[in-house]
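One chain, chain A, appears in both complexes that follow, with chain B as partner in the first and chain C in the second.
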Partner chain A sequence: MKPDPVARLLAALPRAESAASPVKDYPTLRLAAPADILAAARILKDELGFAYLEMVTAVDWLGPVSLAGFVSSANPSPFTKKAPPPPVAPAAGAGIAYRPVLDMLWSFGNLQTGQKVFLRLEVPRDNAEVPSLTSLFAAADWQEREAFDLLGVRFSGHPNLTKILTPDFLKGHPLRKDYAHEKDAYDED
Partner chain B sequence: MGIVLDKFPVVAKAVPGGQVLLTSTDYIVDLGRKYSVWPLTFGLACCAIEMMVAYAGRFDFDRFGVIPRPSPRQADLLLIAGTVTKKMAAPIVEIYHQMPEPRFVIAMGSCASCGGPYYDSYSVVKGVDRIVPVDVYVPGCPPRPEALIYGFMELQKKIMGMKLERGGGATAQAEKGSRDLTGEAA
Partner chain C sequence: MKTEEPLVSGPGLEMDTMFVNLGPQHPSTHGVLRLGLTLAGEVITKAFPDIGYLHRGTEKLMETRSYHQCVVLTDRWDYCSAMPNNLAFCLAAEKLMAVQAPPRAQALRVITCELNRIASHLIFLGTYGIDIGAFTPFLYAFREREMILDLYEALCGARLTYNYIRLGGVASDVDADWTAKCREFLEFFKPRLDEYDTLLSFNPIFLARTKGIGVIPKETAAAWGLSGPNLRGSGAAYDVRKSEPYCGYETYDFDVPLGETGSCWDRYFCRVQEMRQSVRIVEAALAALPGGDLMAKGIAKLPKPPAGEAYAHVEASRGDLGIFLVSDGGTAPYRLHVRAPCFINLAILQDILVGKKVADVIAVLGSFDIVLGEVDR
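== the complex of A and B ==
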């Protein structure tokens, strides 16, 4: 008998809702507030056997931005003619709701039953802060540091929230849509 | 070592009596260097898989005297096999300066040669020759072991052109770019 994680979580967190856009066919739950993630993770781990935190990541939903921050021109090949400058970033694309949020995504696995469940949570880009899961999952440590490094999400309660992938001199969070690269010692052109 | 025995009478002269052999210092030093280039075990990305194959039985780098060493202080050759990220650049320079002279560098694959598919990336050095001088570039993504062996044989050719009168085999320190070991281009 496999537990139904979505029903159990919905019972505990009435403000959450089953996500309209699930991750593939997996049960996906959209949380209402950052404070809910700790409660949801505790229920998943302690009651439902989802003891394996597979992934912590996020999606930046800021719309198309100017290409000014790209490292070089759109056509860097010396063997072809210089391409015309890239077109001005288009307006919001059809059918995609661009908005200034980071869509957080957690993935939990149950190694006994083979189930997966995804949790989503939208936080504002300017003040992206969610509770850290390091108190429940040791695996959250580096995953959250990566999300902090590349996307600029701050995890409150993380014991060592420092850069993990990018070099120390790199400023900004490269996977943010509006990331503008500053030339460093290795970029000479 | 049949190649060596074939060519040896040309450059070495046996004095009658059979106990003494005359040859040029350059030749005998370069010969030793050429057949004992020990690379540092150092793989950065997928090119390292092809590098490992070149060491293994099918291609057998050992027959060239290529024996991988685990420490830069025992190595002659820095084989940059893979993508050089900006975070890895400083350790590579440190490793390079830990190696005893004369030291050689082979840039294996597109990434190490010029950045390759990551040329526009915010995190990749556009070729390892921006931080250390490179002797041989091996193109490919990744190069097959035959290509790496060919690049190594090109390095052996350059080594045979080195002369002791030009600094005892140690080459002038180029901060970056490719390097002319034989001094013929100057």
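== the complex of A and C ==
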């Protein structure tokens, strides 16, 4: 019989709730506090057989992305005289509650039953800190480093929370919506 | 050939360590991967993979591009097997838009993805042979891969970055000539698989270099989040095509090959057997190719999916490729995250290389079959 992860987690974490806007077709649970993620992950892994950490990432809900974060030159193509149209800044979506939070997302899988469960947690943008899952899942190591590098989430308890994808000299976290590119030695004039 | 524990502690056994850079420009790192190895004699005491040399920020680039343009960017992740990349993105976007590809498009998606799996595993087979010191299989593997690339070229004009699977369907149709060529290839390819076994799989030197090397137990593999043949080589029967079938995979009869011990050879042989299964799937799909449209109705030129979040994943050639897509109702994805199997598969290297000899590093690294385009995105 397949375990029901949402019911079990809701029983253990009374402050958590079933997410109002779930990831389509998957059970999604919204946690109330950063401390809950460790407890939830432990229950998922030890009791329910969700021993596979699929994904760690986050969504920055600040608003439409700023064009200052993109490097662009007027005409990058040596083959055409006409420059392509400049990138257009995406417009704000109607009725979307943009807010200065990072919406964390964890996904756990059960390899035996093929089930999946998503956990979500909102943390403030300017002080994004959540507990690291490296003590439970080795797979958290690099994925948390990626989220740290690109989104600026600090994972407390991570043994080696360093940049992983972007170069050492790059300042800021590129996947944040207000990221602005600073000119460096590798930019053209 | 057993790997030894490093003798670095104990009185009178203090040894100077040496730091060795493997890569980023090294033929056996399959791209721009740098491995920093600390050695005590011949034994590795610390290993750190250094990645990011190929980071192009595709997730960020997609935030200003339309959904149709994003499909083009997906080709650039795992460029050795670009069809599943297209597919994963399209499935996620189609989920948001609540459309489904018509049956003929779904069958064509399956055919092209499975052919791509064969082509990708052939690259692995050839280059892994070279890594170990067997040059000949490479030439055979690339001869067969070339035939698949010719099929792709006839189908969509591209040999590497296809942009064939589009939102709501596929870009072009196959004709009787193409299906005949495809069948011809499959008939040519089936006996070649036995040839590979005699050439490489059961070659005593190859066996000595790979069997029992780099063993990953089932639990460790799951804990590190390995997927694809790397996970199945350790004996865990997890395949997205079986656990969450997409594009009608539930209608095809195929097996999921498993390894026994999780050694380099198990991961290798898992891929060889997967090619047989892919041949089976393509044959069945060609035989039952339904007619009808190639594109779902109602896909706009500038799609604006309703606000929401969707996750879709496919069994790509190198593992479980997942796309988490957030839309705020605009013309570009608000946020896109790639669960890149190569990136996650590579992380275990820092753990399992410790205690191995230098000579085994290439054997272990090669057995993971990484593509740096996907590791760094």
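Following the convention adopted for this analysis, the second predicted complex is superposed on the first by the 161 of 189 C-alpha atoms of A that agree within 3 Å, B and C clash if a C-alpha of one lies under 4 Å from a C-alpha of the other, contacts with A are read in each partner's own complex, and residues count from 1 in each chain.
Rule of thumb we're sticking to: a contact is a pair of C-beta atoms (placed from the backbone, for glycine too) under 8 Å apart; a residue touches a chain by one contact, two chains touch by 3 or more.
Fair warning: this is a prediction, and the values are worked out from it, not measured in the lab.
Student: When the two structures are laid over each other on chain A, which of chain B and chain C touches more residues of chain A?
Tutor: C
Student: When the two structures are overlaid on chain A, which partner does A:Asp141 contact: first (chain B), second (chain C), both, or neither?
Tutor: After superposition on chain A, A:Asp141 lies in contact with chain C alone.
Student: So, A:Tyr186: does it touch chain B (first), chain C (second), both, or neither?
Tutor: After superposition on chain A, A:Tyr186 lies in contact with chain B alone.
Student: In the overlay, answer first, second, both or neither for which of chain B and chain C A:Pro174 touches.
Tutor: both
Student: I'd like to know which partner A:Asp25 touches here: chain B for first, chain C for second, both or neither.
Tutor: second
Student: If we overlay the two complexes on their shared chain A, which of chain B and chain C does A:Thr166 touch? Say first, second, both or neither.
Tutor: In the superposed model, A:Thr166 contacts both chain B and chain C.
Student: Show me the chain A residues, by the header's touch rule, that chain B contacts in one structure and chain C contacts in the other.
Tutor: Correct list for chain A: 70, 165-167, 174.
Student: Within the complex, which stretch of chain A touches chain C?
Tutor: Contacts found on chain A: 21-26, 51-55, 57, 59-60, 64-65, 67, 69-70, 87-96, 105, 107, 111, 114, 118, 137-139, 141-143, 146, 150, 163-167, 174-175.
Student: Once bound in the complex, which stretches of chain A touch chain B?
Tutor: Interface residues on the chain A side: 70-72, 76, 165-167, 170, 174, 179, 181, 184, 186-188.
Student: Where on chain B does chain A make contact in their complex?
Tutor: It comes out as residues 85-87, 89, 119-123, 125-126, 130-131.
Student: Looking at the complex, which residues from chain C come into contact with chain A?
Tutor: 51-52, 55, 57, 59-61, 63-64, 95-96, 219-220, 222-225, 236-238, 242-244, 307-311, 320, 322, 324, 326-332, 334-335, 337, 339, 343-344, 346-348, 351, 376-377
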